[in-house]
Structures are given as structure tokens and as C-alpha cells.
Amino acid sequence: MPVNYYIFLSAALFCIGIIGVLTRRNAIIVFMCIELMLNAVNLLLVAFSKMHHLKAIAADAASNVGSEAQLFVFFIMVVAAAEVSVGLAIIVMMYRNIHSVDINFLNRLKH
Amino acid sequence: MGITEILFWFLTILALTGALMVVFSKNPVHSVLWLIAVFFAISGHYILMNAQFLAIVNLIVYAGAIMVLFLFVIMLMNLTTDTEPQKNRWLKMAGAVAGGCLLLVLVAALRDTDMKYQLAQVKEGNIGLIHYLGKTLFNDYVLPFEISSVLFLSAMVGAVVIGKKGD
Amino acid sequence: MGAIILSAVWGVVMMYSGILFKNKATPKYIATAGVMLLLVTNWLEYAGLPIFNVDTKGMLEFNSFGLVFNTVIFICTLFYFLLSGPDMEDVGDHVAEYFALIFFVLCGIAIVSSFKTLLMLFLGIEILSIPLYILAGSDKRNLKSNEASLKYFLMGAFSTGLMLMGIAFLYGATGTFYTEAMNLGFGKLNSMMSIGIVLLMISMAFKVSAAPFHFWTPDVYDGSPTVFTSFMATIVKAAAFIGFIRLFENAFGKMHEQWQLLMAVIAAATLVIGNLTAVFQQSVKRMLAYSSIAQAGFMVLSIFALNSVAKEGLVLYAAAYSIATIGIFAVLIKMKDYSFEGFNGLAKHQPLLALLNTIFLLSLAGIPLTAGFFAKYYMLLAAIKNGHMFWLVIVAVLCAAVSVYYYFRVIQAMYFKEGNDPGLKVSETFKTMLVLAAVIIILLGIHPDWLLTWLYN
Amino acid sequence: MSKLVYLVPLFPLIGFLINGLGRKTLSKSLVGMIGSGTVLASFILSLLIFFEVKAPGFTAQTISLFEFIKTKTFDIPFAFQVDQLSVLFLLIITGVGFLIHVYSISYMHDEEAPHFARYFAYLNLFVFSMLLLVLGSNYVIMFIGWEGVGLCSYLLIGYWFKNNDYNNAAKKAFVMNRIGDLGFLLAVFWMINQFGSVTFSDVFAKAPTTSTAVLTGITLLLFVGATGKSAQIPLYTWLPDAMAGPTPVSALIHAATMVTGGVYMIARSHVLYSLAPVSMEVVAIVGLATALLAATIALYQNDIKKVLAYSTVSQLGFMFLALGVGAFTSGVFHVMTHAFFKALLFLGAGSVIHAMGGEQDITKMGGLSKKIRITFLTFLIGVLAISGFPFSSGFISKDEILLAAYHHNKLYFWLGTIGAIMTAVYMFRLLFLTFFGSFRGTHEQEHHLHESPPAMTMPLIVLAVLSVVGGLVQLPHAFGGHAYFNEFLAPAVKVEEHTDPNLALKEYYILGGTIVGLLIIYLATRKFFAVDKFNGEYSGFKKILANKWYVDEIYDAIINKPLRALSVFLNIVVERSGIDRIVNGVGRLVNYSGRQLRLLQSGQVGAYILLMVVATLVFFIIQLFWKSV
Amino acid sequence: MFAAFDNFPALLIWLPLVTGIICFFLKTEAAAKKWSLLSSVLTLGVVGASLYFSGEKYSLLNQVSYIWLKGINSSFALILDGMSKMLCLLTALAFPVIFTATWKHQYKRANVFYGLMLLSQCGLLGVFMAADALVFYFFWELALIPVYFLASQWGGERRIQATFKFFIYTFIGSLLMLVGILYLYLNASGESFSLASFYNSRANPADQKWLFWLFFIAFAIKMPIFPFHTWQPDAYEQSPTAVTMVLSGVMVKMGVYAVIRWLLPLFPEAVHKFDNIVIGLSVVGMIYASCIAMVQDDLKRLVAYSSIAHIGLMCAAIFANNQSGMQGVMIQMFNHGINIIGLWIIVELIERKLGTRKISELGGIANFAPALSILLVIVALANLALPLTNAFIGEFLMFNGLYQFNVWYAVVAGLSIILAAVYTLNMVKNVFYGSGNSLTAGIRDISLNEKIILSVIVVLIFAAGVFPKPFLDLTQDTTNMILNRIIDK
């Protein structure tokens, strides 16, 4: 499978995520879109890992080139999980205070 | 076109539509569900690339844990009804345009790289299998593994500090 | 290594101290002790007798540069604890947890100052950021604080996304996460690497709050409890810079010319925007937020130039800037009124504080005989030595002149305007620490070599 | 003896210091003694030096005191030069100076002590600077004296500083002198860069080998200086105003000595001038023009001192005419005789004013001849001398000048003669209006009238004698005289000999012409001017003359007002709302842009992230596409 | 780096520095005054001694060089050559005079005031002796900062804006200079800041073109030269007179000195290239400032503008680049300092006695305070360079130099002599002559110490005016050195 496909796919997902971040104003949705971006990255990493693996085994069948990328993905998931816990906590706190999750509702700080 | 291709394209389309629906569906709950669909699609891709461990983790962690968490929060705030006030149309437009341009630029830049003829190995290749990954993880990657625990600790403390009621 | 482990452990200790000791004051002392311990271990490691010997599989390296930098950071933290530690009690009743979070941040800093693979950089940055999201929002009932933490969190997460995308592309292009391994590539960048570099540049620029990715800074610094603003604006920013320069030197050093232009653009934009916007501020706190952007602009010059002078300069700059800013914030925290008028006539009622504050401000403005001068001096020297894009130097110089304008507004308020007594309550330790900080500023201003010689042994 | 020449200026300087510092403590009489005593001392010394110099075989000497300005490129010593010319001036200055000091003692008697002392301090200082002027062995020392006398005249004109008109007069004098001085200074620079020195001997030695153009330039610039100092066109207007000062001052500074500085300077540098014919011509023309212009103005002045002032200007004009036509000695000679009779006239006028209790308007006088006998007689002598009564000093000196002019250019001669005639006319008018007819003043003035004390009349008599006999040292051959004066000066100043076969004949013509002319003028003026019922109003052409051709007004209109306007313009428009506005504008611009950039911080996360994305986009484009092309 | 006290330059730095710092801790006003006076007199003594120990065989006594920053190879180097000595003398002379002249003046928190004064003296002395670019820059700023605080703490109504304008203006200049210094440092042989290595490694003409302006703008602002001068009248007007004296008497000379010591030798080609521009500016500035001075009503502003005119002449003469002009500037730096301080003292006296500086409100002071008036007239005449006063020597030489460079510059500049006479005499007339008014009738004549100080100044004026030889000899060596560097390029 040409790696370009994966590149474009994840690029597309990534950009969709960005668009989501830019166009929605519900904090949770925005956050979800960010998660989407992360997943795009994961997909890309895995694709690359398989690509490099393919290149590597041509030289040496036993090499485990590429595993580092997959582990990186694993760590990304770990971090994402932690981030989510914190992020949701923050959103909840904010909801407690203003009963809204509208990101633009809070703009006391400006200029 | 073999089964792989068919699966690939199916999953791809599923992922993209899902992603788009996440962005455009009015009701947050729907967004969550669509996002889960996207995750499934991506996990499908992982499996296609024989990265079973990641596929499973992705399902468990993301689709399972994280998304459920999201769902809880949304329910808790009962945002189910579409109450999101419309954002300034121009800003929205600009956002969409900007994202589109970004994609355009990326594609334009990546269209003809030496990657064009590179292949990503599918169906076989065993680095994605759990016992290989496990070895590497606990031999070479033990340090980051430990360090990520600090991350969780801080996240936990943070959740406590912020979430704790009172004061 | 010692610093990483110890700070992590001490974070846990702090958590429990919160549970064990009900007395609000206790954690402060434990924390102070912890930082001192950190200093000691770090020092031992610098001296060549590390406590922990961990095989990092080449993911971390502890060279004198990183260690000296850590020392600077820890010293700043010590000052920060002793000056502003007591004021955390006014934020909320999770004092112990705050300290714990700060220690986790320190752990992240220690990682960032010694990473050799992008994975470690990523983890370090995250460990360094996530606690900050919390600290920013730690004043829960205060909407500004909420807003700050939300903004910080959302944008931080977004920039993390960008960073990861960058890393992914770099991996795709080079097939490795190790910075040295990437650096082997000479010659023309292919587009994937360019994308990767640009994305990493952006995310790091975001972390150091360099324009045009600085937008979070004023709001977050303004909204967060001032105690933590002080921490974020100084120590964390400095740490982000060490990560920045490590990354770009080790990983992309050889393609220097090919991304230099963007760095110049960032530097110029940061200098101009930071300084000009600071001019019109009415609240000192917010002015300091913008000034931190402006100062970041100067530090970016070091990454733009990327030569030995630049690295020395960065360490010096980090020290000078952090200590001075911590000092100013420490005084600011004591004030009721954060507006410039609040400072009116301070010299009459608190001559010592006013004097020390003046020294700090002069240092930030880069007046000779203060550390700030040599900091700027090194940055300019590095930029000139770099050879091309001389216009950047002129921009920097003019911006430095503009910066005088808003720093001196405070001095003018303190000395030349009449005002009534703000009625500050300052302890003796506070004063002594502040004096000590000022002394350090002056000494570094007279003889920076006392710090810089440690970089070479 | 000439080695001690530095004592000559030193005495007055000491006098100045003593009187200046002790003005509070010293008594008036003491002050007067010191003031005049010091001058007397230097007069005696000058006499001694004079006899030494007069002795045959004397060569000019240079007494250098110390290094003044010395750089690698040039060297200006502080040195004096003693030769016939300087000694002559020494005598005039100290001699006349002494008399006037004595005169002043009683003229100024009712000033209170400190001001009295101040007055004498100034006078001494003046004598000192004047001596520097004539003694200096190079142009810079001369310039020091040159500006010094200017300063003293400024101080003395403004002596009664309560009165702002006087202050303005003083200021005007100083500024106009400054204009001249600038010319002088530039000439000095030119000389330094041309000859590498400003010492007379070096300069004159190198002069012949220098291009005429350069010499012309230098001499003309020097002459600019002279016009300022010696009140020639166009810078003469300060002198009449200078009459604001006490009368003795007018006598000493503005008649006898300072104003002749220019003549001295040109006589001193006759070597340069005689090599620059153009300058000579200019000098002559300017001199002649001044002589005529001033004379016409003098015709219709009513202030006794103003009349004398304009006559001074006119006489100076004659001197320059003489210099211009190459008769340097005649010019200098006229300086001497003029010093005698003009000082006499001024002091006489002073005595009159003194008698009239400060009144200066001659239309308010008349018939004083019986009241103040001595003054009248001496004044009469003065008038006769200046209007050239045969064999009086004035006659001889003028006669020489006119003859010289005649040989140079007939036209000059005739114009000069007209000038001389006018001189006689206005002097007689003055005489009649003052001393003849009936008294036109108020009654208390009439009662107050009295002869001045001997301290004032003595100098009058001395000067009167000098005015009569002073000329005889130069009595023409035709009248069995001999040019002792020229002989004396010959080593220092070039004497031009015109070999004219029927010189004697011309002399007789002139003599006859003078006698007849004076007679006519006497009767005519008596008829025209001695009208008792005269109201101070003139009309028509007379009015223009009475208003001095409106020169002051013209200067005011074309120089003062524009300059002032310019200054105001610069101050308000260029400085305040120009440069300074720009400077502050930069600051304001910074402020403004700050205020605008601030608005980027809209406070909305969405906007922030959007901006970030856009920036990212730009970065990508720069990095990926722009740089590759 | 801490220089021992075994030679003059070190002594001249440490003495005012240490005494100044001590002064901050003095309690009473009287103590502060006495202490600072003592210190300044000591400094004067040291300078006097250094004047005696001139010449080759004492060269060690007249220089310092201690390694300061190994890392960037800059050393704490000072030298005292003729020009430095001349200016140090001026500085050392100015401060006691200022202290005594303003003795009666009451300052709140006097200890701070005098402490800062001494610090600024230290900075000034440092600038005049620095033989290392970085040290030079340090002192350049060190002299500025205390003056800023002095002016905006103890100044007049609009002091904050005025002095801040002054500060930021000069600060921009010095930053540009810093850039220039850094560039030269990188090109200097062996990356050193020492004056010698700067001299030896001359930038190529192309670089000189812009480096010249980086430096020149800094110095031009300090002097100040015509378009950069607008900070000056405000600053002078608003500062307390003691500070104004420092500013105009000594600090202005920093710019002139710096041009001679740093600009000319470093960028000869550029100097030859731009000399017409600079001289043109200066000459225009002279006329311009003189004209404006004629219509000023505030004594301080009047003196300020006249000072601008004089400085313009100095700058022009420097760039004329010849023996005469250079010598003239050297000696004039000293003389102008003396004269203008004298003028300020008198202005200060008038303001303190009558509470106003408005010329229009004054008049007839000579009737009531003759001593004051006489002294003023003398100083005023010195200010317009009458022969036998000190200024004449300098201006004579400078005009001569200008004349050698180009006749017409000299002619135009010469007009300023006349204008100077006009505004100075106007001032004298309107302030001191005339019959006086109710305000001035109340004035008391000057007291003894004021009299003494002014007499000192008057004596100096005449001493330097009648017998300038010592001054000329003192600066001969520097003049030759600079000129050789420019000619032999």
C-alpha cells in the first residue's frame, strides 16, 4: 500500500480536526477535534513505522526497526489520556462557575 | 483490486466521513459517536497494517475509556440538546478556509516527495505484535515508561486540585 | 538524572505532606528543603559523582550546559519559593498539591534540558505543561483564573497536536527519533523535513510564547493567580527555551541557514509586538506579561544565531531575566493594586523595595551594571556574529529602547509621583532574599564570567 | 627705554584694577588721582620713548612678552612693536587721554562714589586697550585692543545704564563694531593661511610676492573692520547714537582716539594697501562719500553733540580719503590735528552742557558768549581750526589731504572741497546758535549759567593752544614751513612725494580761496541761521537731512525686523512645531501602534487559534515555496 | 579587576564611586554637603597631581589595565593622556564649584542627591579615561543614569517628561553605538575591546560608511548637533540648576570627546566622506540656535541655545580635521565648560533670589546687586569670546581651522559671532540694566561664598585667556596622535 495514501489520509484528518477546532465553540467538541488531530498523527506514525520496517527488513530480516514509532504512538495515547483527564476537569470546573462550555463566553481577559 | 484495497478505501472513507460528521453535527452526543466511529476506522487501519497491539489499545483507551468519559461529561452537563450559540459566521468561514488552505499546502508540498514510491508494509510484519513491542518497551523504553507515570501523577493531582469540591 | 528522579519523588512527598501536616506553613519548608536537595544532587552530578546511575539508552544526556542550566533554574526556584511561597496560601487550600505540581514541572524541566530523543522532548514538554494548566486555574472561584486555564489548556493541547505532527513527519523523513541521527542529514531539506521543522518550530515558539504564537500569554499570565504567573513567566519559559535550543542545535543545526529566515521573522515579530503592546498597558501585571514576550523575543535571537555565544548568552539571559522578574512579581504580589498608579510614591513608603524593584527593572531594560545588560549584550553579539540579516539587530536595538519606556513608567511612578501608602506587609526573610536577588543581578552585571565559566570545565 | 614700553599699557591697567576693585572703598578724589595719574605716568613714559625714537638711527623694535597662541602650524607671540607710528599714537592717546581724565574729574563730580570709580575704571581700561591696539606687533594683538576698545565704548556709552535708550545705543555700537570685527577676523585667518604668520614684519616681507587678488581681498576685509571701528559707510550709524555717553567719553573715544583706530590700522598696513590699488580706490571713495554724507546731515542737527558727532564722521571720511589716495602721512597727520580740535570742541560742548545744566539742544541756547567767556573763546578757536582757518592745524592738514586728492583725481579734490566748505558751514551754524543772539532757554537755566571750574577749563586752553600751533610741524614749504612730521614718520609709513612744479602756486590759491570762502560763509551763516525766532521744525529737503537720510529706519527695515521675524519663525514653527513635533511624534506613533496591536488580543480562543493557523500557513509557504524559488 | 590605588586613573574612578556610595548613608543634609565637597576637592587634588606627573616617564602612573572579562577578552583599561587630563580637570573642577555655588540650596533627601552627583562624576571621569570600548560604554551609561534620576527627582514642573525624553533619546543613541562597538569587536584583531586593537584593525570603507553613522548619531545626540538637539532646552530648563551645570558644563563634552577619541580615529575614510554633511549641519545649527536664542524669554533656555551654538562650532571644527581646529576644540571644551557653569551659577542665583527666570519680569538688577552684575557681564563677555577671555583662544583657533577647511563655512559660522553679541547683550540689558522694577528692587547682592566661586571662575577665564600656553601644550600630544591617524590612513 503506497505510504502516500496514509500521508494524505492523516493530513486530511489532521486538517479536519483543525477546522473543527476553528469552527466550533463548544469546549468539549473543540477538545474532541484536538483528539482527532492526535489520532491522525498516530495513524501517520504507524504508517511510517511500517514503511521503515519494510525498508529495513530488505537488509536484515530480524530487525525491529519501526517498533519505536509504534511505541511512540503508545506514549501519545498515554499522554492523551492524562490530558483528557485534566482537560475535562478544567471544563467541568468552568461549567460549575458559568454553566456553559462556550469557549467564547469567557473573554474578560483581552487587550 | 484485492480485499486489502477494498478494506483500505472503506476504512479511509469511513474515517473521513466520521471526522467530517464530528465537526459538523450539531448535537455533541452525535459528535462523540461519530468520533468513536473514526477511532474504529483507524483501529481498522492499524489491524490492516498488522499493528494489533495499537489497534486494541486504541479501541480500549480511546473508544472505550476516553470517549466514555466525554460522553459522561456531556450527559452531566446535559448538552444533548443543541444549545450551542452560533459563532460569528465570518470567523467560522475564515476558520474553514484556513484549515482548507493548510490541507492544500500540505498536499501540494507532499505530492511529489521521494515517498511517492515508498510502500507501507501491510498484512505481515510482526513488529506490531504485542510480545515484540513488550520486549522493546520494557528493555529500551523503560525510562519513558516510568517517566510517563510522573505525567499521570501530575494529572491525578491536578484533577484532585481542580475537581475537589468545597472552598 | 538525579534531578529528574528526585523532583518526581519529591512531588509525591509533597502530596503526602499535604495529607500528613494540616499546618499550611509546613509544606513550604519541605518544598524549600526539596529544592535545596535538588541543587545538591544536581551539583554532585555536575561535579562528576552522580547518585543514580541509570542506563538511559541514549535518550537523555547530562552535559555541563544542561546541568548548569538546571542549577540556574533551581536557584531561581529557590528564590521563588522563599519570596512567593507564602503567598500560595492565599490562592487556595491545596498548598501542598501546588508544590507537588511545581516539582513535577521541575521534573519536566530536567527532562527537557537533557533530552536526546523527540520522545523525551515530547514527554518532558507535556509533564511541564499539564501541571501548569492546573496551576493557572487553581483559583477556582475566580472566573479569570478559569478562563486562563481553559485558554491555556485548549491552545496548549492544540500546539501539542502540531508538535506531534511535526515529529511524525520528521520520523517519516529520517526514520529515527534521535536528534543526532537526524542531524546527519546535510544539504537541501526535503519538504517532509521542512514541514516537520516548521511544525516543531511553531509548537516550541508557542511554548516560549514567541509571536505570532504568543496570544495565550497575556491572557493566561494575567488571569492566573499572580504567584503562579511569576513561576510560568520565568522558570518555565526559560526551560522551554533550553528545550528549544537543544532541539534546534542537535537536530537541525546543520540545516541552520535553511530555517534561519523563519526564526528571524519570529524574533522580529516577537520583539515588535511584545514591546509595542506593552507600551499601552495599564496594569503592571499585564505589562509584565507583554514584557515577558518582549524578552522572549531577545532570547529567540540566540536560536536564530545558534552559535557558542548564543548558548552562553541564553543561560545568562535565563538567569538575569528570571531572577529579576521573580523579584518584581514578588513585590507585585504584595500590592493590592496592580495598576501603575498603585506604585505611586512607593519610594516614600517602602524605600528598600522601591530601590530593589528599580534594580530589577533596570536589569530588564538592559542598563549596564545589571545582568540584563550582559544578557542583551550576548544576544546582540550572537546575532551580529551570525553575519547576515543585520536588520534584525537594529530592530532588536530599537525595541530595547522602546522597552525602556514601559519599564521606566514603573520607576517614575515609584519615585517621582505622589501616592499613599499601599501598606505592604513584608517579612525580613522576604527583604533579605530580595536584596540577595538584587546583589546577584548586580554581580552578574559587573562580572558575568562568574556564571559563564561554569559552562566550560 | 623702549624696552619698558610694556609699562605704558600696564599703568592704566593697574589703574583700572585698583579703581575697579576698590570702587566701594576709595574716595572720589583718590579715584580721580589714580585714574589720571596712571595715564599721566604712561604719557611721560611715552614722551621718553618718543625722544628715543626720534633720535636718528632708531630702528623699529619688537618687544615680545610671552607666547600667546602657539600651535604646530603657526605662532602668535604677545609682542609689542615700537616705531614712529606707534609712538605717535602713544603720545596722542596718553596726552589727550590725560587731559580728558583731568577734565572728567570735575565733569563727573556729582556721580556718587562707586559709579565715579566705575567710570574711571572704564576710562583706564579703554586707554589700556587702545594702547594695546597701537602697540601690538601683530594683527591678533591689534585685534585684542581693537575689540577691547569696542567693549569699553560699549561700557561707557551705557554708563548711565538706568536709561534704556543709552543701553540700546551701547548695544548698537558694540554689535556694529562686531560686524566690522568679523571682517577683521576673516582677514586675519586669511593672512595666517597665506603668510603663516600675522606679525607685521613677516606679513609685509611676504606681501610683495603675493598675488594682488589675495592682497585686495585681505585689505578689503581689513577695511570692513575699519568701517566698523571708524564709523564709515555703511557702519557709521552707531557713532551719533554713541553720544549717549558722558561728554568726555565722546571726546576721548568717539573723537580723538578709538574711532581713529581704523586709520591707524590702514596706515600700519600701508604696505599691503599700496600693493592693492583697488582697495585704495575703495577706501578713498568710501571715505569721500562718508565725509559728504555726514556733512550734509550735520547741517541740520540741533543736538550740539550730534553735530559734533557727524562732523567727526565727516572728518574721519577725510582721513580715509587721504589714506585712499595714498597720502598715509597726511591721514595720520589729520588724525593728530583732529584729535586736538575735536577733543577741544567736545570738551567745550561739555562745558556748555555743564553750564546749561544738561541741556544739549542748541535751539534752546544762544547768547552764551558773554556768560562763559573761556569756553566761548576756546570753542571759537576749535571752530576756526576745524573749518580750516588759515595756518590753524585744521587748515594745514586738510590742505595736505586736498592737495593729495588733487594729484590723485581732480574730482575727489572738488568734492573734498565741498565737504570742507560744508564743514565750515555747520560749524559756524553751531557757533552762532550757541553763543550769539539772545538766550532761548528757561529762566532757571539762565540763572544757573556759570563758567566751568578750572579743572575743566585748563584742558580746554591746552587743547586750544595745540589746535592752533599743532599744525605748524607740517607747514608747507610755500609758507616757509618744513614737513617735520613726515620726516619723523618716514621710517614707519611710506611718504609719497608728488613733484609738482607749481605746488606753491596751488598753495596760494587754496589759501586765498579759504580766506574768501570763510568770509562768505561767515556772513551767510550769520544771516541764515542766527534767527532768534527759530522753531525746531524743518520741512522738505531739510527734513530729510534733519532725519539723517532715514538711514537708521532703512537699516531697521531691511536687517533688524527681518532677522527678528526669522528668529520668531524658527522658534515657533521650525523648533516647536517642526523638529520637536517630529521627535515627540515618534513617541506618539509607538504609543498609537501599541494601542492598535493591542486589539489583536481579542480575548477569544477561537480567534487566537485562527491567527496561529494563519501564521502556520504563512510559515509553510515561506519555507516550502518562497525559499525554493 | 579591582584596581589597586597605585595610579591616577584607578584613583579617579574609585574615589568618587566609594565616597558617593557612602554618601547615601549619611543622615543629615549638612553632612552630605560637606562630605561631597570634601570628596570632590580630593578628586580635584588627584587630577592636579596627575597634571604634574605627565610625560613618558610617568606613563605607568597614567594608565590602568586589569583583565575584566576573560570570556570576551575585555579589560578594565583606562588611560590619562593630554585630552583626558584636560577633561578630567574640567570635571574635577566643575563639581566643587557646583557644590559650593549651590551650597545654600535646600534639597530634600540631600544625601541621595549628593550621592548621585558623585556617581555621575565617577561616570564622567570614566568616560574621559576609558581605553576599552566596553568600559567606555559602561561609563557612558553610568554617567547618564544618575543624572536622569537627579533631574526627574529634583527638577521643575515638567521634569518627568523632559528628562525622560532626554534619557530615551540618549539611550537610543548609545544602543546604536553598542551595535557599532560589537561589530568592531568582532572584526578587531583577536576579538578584543581594547582601544588599541580597535585602532589597529580598521574597518573597510564600505563598513565604515554605516558604522560611522551608528557612532555619530549617538554622539550627535549627546552633544547635541542641530537636528538632534530638541531634548536639550527642555532638559536644561527642567533640571535643578546643579544638574544643569553638570549636563551642560561637563556631560555635553562627552559627545565631543567621544567624537575625537573614537569616531575620528576609527573611521577616517568615512569622516573624510561625510565631513561636509556634518560641518554643514553644525554650521546651520549654530545660526539656527543663535537665532532662536534671540527670542527666548527664559534665561535657562537662552543659555541652552547659546550652548548649542557653541557646541556646533566645536563639532564643525573637529571635522575640519586640522591642527588649528583640533587644538581649538580641545581647549574650548575646557573653556566652554567653565564659562557656561559661570552663566548657570548666575542664573541660579537670580532664580533663587527672585524666584523667576523670565527675562521679561527682570531688569535693573545692576542698581541693586552691582557685584553680581559685574561678574555676570564678565562671564557673558567670555561667553561671546572677547579677546583676553578664555573662549577667544578656542574660538579663534576653531574658526581658523574651519577657515582652512572651507572659507564659506567660516564666513557663515562667523555670523553667529554677531548674533551671539546680539542675544547676550540683549540679555544683559534686559536683566541687569534699566531702572528696575518692584520685583528686582528686593534682590540682595551675592554673599561671600558665591562671590568667591564666581571670582574663581573669572580668574580661570582670564588666566586661560591671557596665557593659554599650558592648555595648548597639555593637549598637543593627543591632537598630533589623532591627526596622524587621520592623515596617514
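Which chain is which? They are A, B, C, D and E, in the order written, and residues in each are numbered from 1.
Throughout what follows, a residue touches a chain if its C-beta (ideal position, glycine included) is under 8 Å from a C-beta of that chain, and two chains touch if they have at least 3 such contacts.
All values reported here derive from a predicted model rather than from experimental measurement.
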Shortest contact path, chain D to chain E, counted in steps
1
By the touch rule set out at the top, what is the minimum number of steps from chain C to chain E?
1
Please identify the chain lying most centrally, where each chain is represented by the average of its Cα atoms.
E
Computing the C-alpha centre of each chain, which chain sits at the greatest distance from chain D?
B
Ranking chain pairs by how many C-beta pairs touch, which one is first?
A-B
Please tell me the distance, in whole Å, between the geometric centres of chain A and chain B computed from their C-alpha atoms.
5
Averaged over CA atoms, how far is the centre of chain A from the centre of chain D? Could you give it in whole Å?
99
CA centroids of chain A and chain E: separation to the nearest Å works out as 66
Expressed in whole Å, how far the mean CA point of chain B lies from that of chain D is 104
Note the residues in chain C that touch 2 or more other chains, in rising order.
119, 123, 126, 130, 133-134, 137, 140-141, 150-151, 154, 158, 172, 191, 194-195, 218-219, 405
Multi-chain contacts only, two chains or more: what residues does chain A have there?
3, 7, 17-18, 21-22, 25, 30-31, 48-49, 51, 55, 65, 68, 71, 75, 79, 82-83, 86, 90-91, 93, 103-104, 107-110
Quick check on chain B: which residues sit in contact with 2+ other chains?
87, 91, 94-95, 98-99, 102, 106, 109-110, 115, 140-141, 144, 148, 151, 154-155, 158, 162
Looking at the whole structure, which two-chain pairs count as touching?
A-B, A-C, A-D, B-C, B-D, C-D, C-E, D-E
Residues on chain B engaged by chain A in the complex (per definition of touch)
4-5, 8, 12, 15-16, 19-20, 22-23, 28, 31-32, 35, 38-39, 42, 45-46, 48-51, 53-54, 57-58, 61-62, 65-66, 69-70, 73-74, 76-77, 79, 84-85, 87, 91-92, 94-96, 98-100, 102-103, 106-107, 110, 115-122, 125, 127-128, 132-133, 136-137, 140-141, 144, 148, 151-152, 154-156, 158-159, 162-163
So in the complex, which bits of chain A are touching chain C?
3, 7, 10, 14, 17, 21, 27, 30-31, 34, 37-38, 40-41, 44-45, 48-49, 51-52, 55, 65, 68-69, 71-72, 75-76, 79, 82-83, 86-87, 90-91, 93-94, 97-98, 103, 106-110
Which part of chain B faces chain D closely enough to touch in the complex?
87, 91, 94-95, 98-99, 101-102, 105-106, 108-109
In their shared complex, at which residues does chain E touch chain C?
1, 68-72, 137-138, 141-142, 145, 149, 152-153, 159-160, 164, 167-168, 171-172, 175-176, 178-179, 182-183, 185-186
Along chain D, where are the residues that touch chain B in the complex?
606-607, 610, 613-614, 616-617, 620-621, 624
